[in-house]
């Protein structure tokens, strides 16, 4: 059983990572096409020279980190609140926000922003993108955290209360440690949907907040080139290395 | 008790009200307006957009999308469950393995799909390997069919199943698994009779997180499916882009949202569970 | 003196089922009060009502003279040792024991925590997680976690059930000395008769959600008000409608003198219980009588013996209403 | 006859710590074998090794003569009553009890399940979820869940610890009659000496991961090989290096005859234990001696009494190596 | 403040300027240009139509000019500030969509034609070849309703921009017939597969095709004999812009022959500037893909903005084609 599971996991990871390896491989291809013609670092050079890509990547990461942090904090609290007592209205709204087609979210948010901007002299920008991302990430966070909360033993809450913990003390010292894996999973999901979002972002981004997906999708209009592969590889392997190091540090 | 709940709910509720419910109201208004001459929209108010939805064409698109999304969800669940079990049981390495699941998805979806196109096309890697190994003579048509769409949808959404499942499985009391084995259950039975029911909240969350985005997917059917079929998400998207018929798009999405919400509600309610 | 804890007609209904039914009793400050009763009779529920995890369906609970029906658990200076331990799985033994002190903002807690760890004999295992402890060790962590707080009232739900007899004796002694030194009030649920009888100042016997009798141990054992109480605090033979405890029955091979109650009976089994033999024998009329004998006695099944007791040993009680 | 279960030099190491150390014993088919020992001595770990949840670090475990070190739990026809119950929270009482039968593909299980439910006195609570049960009720579900399977060997980890004495007696009787009727082999962990002594055919005393002695109850109680075993199976006074059990010490106000061992002592306390008094008294030399007396005796602290016993009551054992 | 005036926000299609175009402008005019790219005209339009997008100069296609102008989104151009307009080809000095160039300046233009691999013979000549059995399963059309329906209309001899229900119904039937021969509907992605040899023939934009042809010379671009679509992307200034002057300078800079030629050479686009074209190397200047001869060009038709009813009908037809 254990062995079979491990074998399966290897296959599953191969499935998940195959495209990643391919795009990484072609980032070293001399040709712009997916026909191997020789090794070169040109695309990396081009990527580092490309101001737009660099800025897009930086914006993407900045937005994703901010939106993930906010939506994870808000979403985890929200899930806890709903766990204490259900609220049909709030959970229905939350589900609705998940079901809403991206384009509709984007268009209506854009309209909403414009309506607000009438009252203050504001512009689309990083903030509007972050808010939009928070609004759609939050449902992912709540769902994942709520799924984990379902298994929480209320007896532990009783025990903490009994030992003099206040309600917040319980949340902080008992519930949160228990939720940690769920929160990690939720944050990873939020980060993923945020960093990869194109439709909504493209509608609410301002002049200073073009993200990497926006650059890439715009490129796709005329056919992408391996510069994108190079940037993607740098981001993934960079973040991957960071994770690996932080895991190592935590383990030791 | 209630004060904490109120404080815990407030930020989230604010986000939902301001960033979702108000825009939703705007969408509702849009759905009852008339499209402008070339783009945009305006008065008069009309129910015409809803009437046009009665067209069976859109019903068919919806059913097709629904079937594809349901199939992807089921496959994601089948593929994701053992992986989630594996991660949940790998002790100190579990965070690492968890990150490994999500890592490929920090690239743009577009780029990943291009990689799949390279893998699956006639002169692609999969056919190349199969031909080199002499397993096949002529290349297989792996791309531009429903199989490829399904593959793409499953690939794109697998983490959305694995992560909630992991969150639910990680807490599973190993004692219960031991008790099950002790009572004569083989691993497979333990999986289906003990782990599965206890991971149900995770499965539900995962199913929603896979199903809903699948319904609205447009890149995968366009690129891996070769654009030869259309999903409801693309039809809606088209209304806001090429067709520039925002009111109709708004009406269509509202109807789809209501249908999906009702389905979820009924699905959850039948088992006597709340949505969350 | 004002009682530290008082229950007045407290009732708790679960959906279909009344778990605690019109329970009233008072616990004096510094007392060791035990709650006994069959499994499922509502002991844990009573403790949960006092601790504030459940709301009483009716009745009043008073702590230090104040009605606390609606007070949240952290406003009640009581602490519970849970029947199922409820240890925090993410904290070590030390972390669990420190938990309550930290919440109170106690500074120099190392000393108190170490004392508690020593008291429950867990030195050397401070940094283990609950999942790496044996059942009895977990139970001792739960005990230490509450003891270290020195609350007004300590609610103990079978706190020694998973301990071996010697350790249990030690713990009993520690609890008793804490009661006498620190003046903590104990509300103690146990299934161990000896424990209840030897530790308690007051003792209540519950049955089906109701209190059957409250009193001092000796009083309840020697003058129970109902057959249920009599039977619950120790084994008893019901012979011709009167109760005789096994230890009151003497067993001889020769017939006894005339001025005693007696039966002739055949030994059915003699079970070795360590410090004594438990002898089950049947009279000619078919009555089963359980008696005790020294284990040095050699009794063989089938042997005929004389069982006798004095009138003073008899308990006369009305039969239970069904 | 081939033993149903045999352990040969089984050792289990946790990371830093040896929980089971070179344990060997054999259990005959149909026997009632008890495992006793202080909290944390490795009893649960031993059962877990036999059930297959842990892999032995060394040694062999044989079931029906076959080495099963590597067999997965579901291939071993043994069943465990877990110390922490491990009930399936998503199943009702009935669902939990049916679980094993379903796995075996038993068809008409309603009868067997109902019998098991009746046996553990849970009729009427079949459709409750574990979260709606009291501690003792949960324990009985765990017991029924395993009993209903009639496995070769039943591993019981303190299966009656949360039950009240009367129910415990009933359950003991049920277990014993199952053993005798159905021929199940029991491997029984308990902290209740009486339970172990009265139920067991064989009894093993563990300490710090090692088996100290194996034998029949009477043998272990009356002729223990080590001071640890002597002290573990019952209270004992160590007087001048020999052991005397409290029940062997007689207590009189007048001096005894000459041919006995004796002490004069002052009563320190007389604790009421129901069927007897536990009397702690101190000799002039400062020795503490615990004796037992009938509860009809009126003993006041400070009173001087004579304690005496016969040479036959003495246990002569070498002191423990430290 | 003053800092703000020296800043310009430009929103353009991807790969539409040479690497040094923007930086040269920045250096020469001492401004900071915020340059971003969009994926679709709708993306740009959605933002521009808010009137508060922050962009100064954007590049809509020719068919969007009139609608945007009538919606009041565009600033009227000041020709005095655009002396380089004179460099434009005569046709683009007065294009059908904006005869006096009041709102827009043509920036680059292109067409939709057929790319095929020279290995096929005889070579395809028009849209009708998409129905030919010899290509079955190895051809693709663009994934765009106007292009697909437009090609079918052309094959049927109708206008690209027809909104006549009967004509559209015919076009739909043709498209449905055509779909059976297609491997897929793909946009720029098909270039990859043309180069790799998976696809033999595809409907594609000239500029996109040219890059593929550079990589695989056996690819050829042909202007279908039944007629084809033409489009031009134009530079406009948004009405909301408060940097109109600078915007004019930018557009004028783009119109410089040297600049425009650099862009056309680097990005393989077709410049509407006669002056620029003269500066191109001959291989590009006379490239038949990018600059077809006038008699070929005469078969082309420019996309125009469609009225709501026609647009709606086309969308339904498109959905129908996709669902089939």
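Some points to look at:
Labels A, B, C, D and E are assigned to the chains in the order they are written; within every chain, residues are numbered from 1.
As a convention for this text, a contact is a pair of C-beta atoms (placed from the backbone, for glycine too) under 8 Å apart; a residue touches a chain by one contact, two chains touch by 3 or more.
Quick caveat: nothing in here was measured; it's all calculated off a predicted structure.
Path length between chain D and chain E in the touching-chain graph (shortest route): 2.
Taking the definition of touch as given, a chain qualifies here only if it contacts chain A and chain E alike; those chains are B. By number of C-beta pairs in contact, the leading pair of chains is A-B.
Inter-chain centre distance (chain B to chain E, centres taken as mean C-alpha positions): 34 Å.
Separating the CA-averaged centres of chain A and chain D is a span of 56 Å. Touching two or more other chains at once are residues 1, 114, 118, 187, 198, 240-241 of chain B. Multi-chain contact residues of chain C (touching two or more other chains): 72, 84. Shared interface positions of chain A, i.e. residues touching 2 or more other chains, are given as 1, 34, 107, 178, 198, 217, 220. Applying the touch definition to every pair of chains gives A-B, A-C, A-E, B-D, B-E, C-D.
Residues 1-9, 11-13, 15-16, 19-24, 26-27, 30, 79, 82-83, 85-87, 89, 92, 94-112, 114-116, 118-119, 125, 155, 158-160, 163-164, 166-168, 170-172, 187, 198, 201-202, 204-206, 208-209, 212, 216, 233, 236-237, 240-241, 246, 249-250, 253, 256-257, 260-261, 264-265, 274-276 of chain B touch chain A in their complex. Interface residues of chain C, counted against chain A in their complex, comprise 48, 51-53, 72-74, 78-80, 82, 84, 86-91, 99-100, 102-104, 145-146, 149.
Within the complex formed with chain C, the chain D residues making contact are 14, 36-40, 43-45, 83-84, 132-137, 140, 157-158, 161-169, 191-194, 197-198, 217-218, 221-222, 231-235, 245-247, 271-276, 278, 292, 294-295. Chain contact summary for the complex, chain E toward chain A: residues 9, 11, 13-15, 19, 34-40, 43, 46-47, 50-55, 187-189, 191-192, 195-196, 207-208, 211, 215. Residues 35-40, 55, 57-58, 60-61, 64, 114, 117-118, 121-123, 143-144, 222-223, 225-230, 234-235, 238-245, 248 of chain B are the ones touching chain E in the complex.
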